[in-house]
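Contents: one structure, followed by commentary.
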Amino acid sequence: GKMSDDISGSHTDWLTLNIGGRLFTTTRSTLVSKEPDSMLAHMFREKDVWGNKQDERGAFLIDRSPEYFEPILNYLRHGQIIINDGINLLGVLEEARFFGIEQLAEQLEVAIKNSHPPEDHSPLS
Amino acid sequence: GKMSDDISGSHTDWLTLNIGGRLFTTTRSTLVSKEPDSMLAHMFREKDVWGNKQDERGAFLIDRSPEYFEPILNYLRHGQIIINDGINLLGVLEEARFFGIEQLAEQLEVAIKNSHPPEDHSPLS
Amino acid sequence: GKMSDDISGSHTDWLTLNIGGRLFTTTRSTLVSKEPDSMLAHMFREKDVWGNKQDERGAFLIDRSPEYFEPILNYLRHGQIIINDGINLLGVLEEARFFGIEQLAEQLEVAIKNSHPPEDHSPLS
Amino acid sequence: GKMSDDISGSHTDWLTLNIGGRLFTTTRSTLVSKEPDSMLAHMFREKDVWGNKQDERGAFLIDRSPEYFEPILNYLRHGQIIINDGINLLGVLEEARFFGIEQLAEQLEVAIKNSHPPEDHSPLS
Amino acid sequence: GKMSDDISGSHTDWLTLNIGGRLFTTTRSTLVSKEPDSMLAHMFREKDVWGNKQDERGAFLIDRSPEYFEPILNYLRHGQIIINDGINLLGVLEEARFFGIEQLAEQLEVAIKNSHPPEDHSPLS
C-alpha cells in the first residue's frame, strides 16, 4: 500500500547526508519531489550523476550548516515551515537560498519582515 | 515481577528507530500499546510484517523530524504531553498527525489555540 | 585516597545506561547510594540480579526520556536539583516518579507549584 | 560546472576538524579562502605543512569550544554573521580572535556594544 | 613556533575525557596550566599517576555533568567565564567546586548574586 511505502521505505531509496559533520537520513524522494526545480533536487535526482562526494560511511558530503538545514529538510518532508524559538530565521534563509529552494526562501523573507520591528534588522536574532 | 519487566525489558522486545538520522531506543510495547489504533502501532505491531527498512545497525528507518518526535515517544511511554519551552508545538502536531496518533493531535490543537493570542497564528513559534 | 577513588573510579564500578537511545556513563555508587530506597537503586544494587537487558555495547537499556533524566542523574551525583531554563519541570517530575526517587519528586512538586502562577498549570511549560 | 564543484566537492579537498571533541566536516577552501590572512587559513593552506595533529579518525585536533566555533564556520562558508538567540556573543568573539579572523571579530565587537545596554557588560549573556 | 604548538598540538599531549557519557577532547596543558592548584590539575598533572580509569576508547571517566563542564573547560582554555543564556549558573558552580577551581567558583558566586534579585534564590534558574 501507499502508506507503507511512504513510511517504511521498503521500495524507496534511502540516503544519508553529511551536512557539515552531522548526519541526516532521508529518502531521495523527499529531496527531489517537493521542490523539483531546486538545486538540491537537481543534485540528487539521478543516482551518481553529479558525482557527489561521499564520506567513509557513504553519506553525501555538503559543506553547509546542519543546524539551519534541519527545518529545510522538514519542509521538504511535509511542506510546512516550522522553526523553533531561538533559531535565527536568517540562518534558514541563507540555506534555502543556497539550495535554490525559491518558494521557501520567499516565505522566509516575508516571515523575517513580519517578525522583526523595522528598527531591528540585525543579523543577530 | 511486573516492575522489573517493564523497565529492564528482560522479557520485552527492544528496537531502535532511526528517525531522520537520530536514534531512539524503545520497546515494541511502547509503540504499540498506548495508542493501538495509530499508524505507528500498526507499523510495529507484528514483527517483520510491514517490511520496515532497517539501516546497517538494524534501526528502523523513518523519514521524519527527530526533534519533534521526541515528545511523541515520551507521550507513548507515560501518557503525558510534556514539551519544552521553545519547541514549536506545530512541529509536534505535524508528527502526531503523520503517525496517526489522533488523541495526541487533538490535545495539541487545543494547546496551540490556547497558547497563542488570536492574532499570532504564525508557523513560527 | 578518598578523593581519588570518588573521581577516577579506580576502585569503582562504572556502567553505562542507554536511556531512550542516549548514553549516560556513571558509577554504580551514584545510582545506588544517594537514594537507596528508590527503584533505580534497587535495579542496580547488585550485579546481574535484575537481569537488566543490555545493548550491543553493554549499556543497560531503559525505555525513558534521556532529556529529563539528565538533571536526575546530576541530583544523584551531588544532591542539588539544578535544571536549565526552558526544561519543563513536569518532564523531570515524571521521571523522578518513574524511578521512585521520592524526595526529589516532592521537591519538584513544590518547585512547580511555586514557579507557575495558579492559572497557568498547563502541561506545556 | 562551478556549482557542482562547490557543493558536491567532487574536485575539492574535504577535511574534518575535531574541535574540543565535536566533529565539523568542511572543505579546505572554506577554511582558507574567505579570510586568507587569518591564522586558521594559515593552518590549513597547505597540506601537512603545519603538522596539525589528527585523531584516530583523521580529524584535525583543535583545543577550543565547538559551540562557539559553529557560527564562525558558517561565516567562512557564506560571509554572514548569523547567531542564535541564547548564544553568548562573547564566546564567538573569543574564538574569532583566537583563530585570527579580524574582520569577524570587529563586527562582533560592534554587535556586542549595540546589543547590550551600557550598564549590562557582564560576561554572562 | 609557539602559535603552531599551542593549536595544532604537534608537540602536546592530547587526551579525551568521558564526562558522564559525553566526550571532550583537550590537551593536558589546558587541564593543568590555567589553575595549577585545582583538583583537576592534580588529577592530570602527571601521566598515569592517579590511576584514572579509562573507557574502551581510552577516554578518562569522570562521573559528572557534561553540560555544566563545558564552560569550565572553555575557562581553562582562555580564562574567560562565558555562559549561554538558559544555562543554570548553579550547575556550573557545582562543577567548579567539585573540580576545585577556586577562582572560578568565587567569580560564579558573585555573578549568581548579581544576576538574581534577592527574593529569587531558587535552585531552578
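Chains: A, B, C, D and E, in written order; residue numbering restarts at 1 for each.
As a working rule, a residue touches a chain if its C-beta (ideal position, glycine included) is under 8 Å from a C-beta of that chain, and two chains touch if they have at least 3 such contacts.
A quick note: this is a predicted structure, and the numbers were derived from the prediction, not measured.
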item: Joint neighbours of chain D and chain C, given as chain labels; value: E
item: Rotation angle (°) superposing Cα atoms of chain B on chain D, nearest 5; value: 145
item: Interchain centroid distance [CA atoms averaged], chain A/chain B, Å; value: 22
item: Averaged-CA centre spacing for the pair chain C and chain A, given as whole angstrom; value: 36
item: Where chain C touches two or more other chains at once, by residue number; value: 85-86
item: Arrangement of touching chains [line / ring / star / complete / other]; value: ring
item: Chains listed in ring sequence, where chain C comes first and chain E follows it; value: C, E, D, A, B
item: Residue ranges of chain E touching chain C (in the complex, touch as defined); value: 18, 20-21, 39, 43, 50-53, 55, 60-65, 67-68, 85-88, 90-91, 94, 98, 122-125
item: Parts of chain A lying in touch with chain B, wherever the complex brings them together; value: 3-4, 7-10, 12, 14, 16, 22-27, 30, 70, 73-74, 77-78, 80-86, 89, 111, 114-115
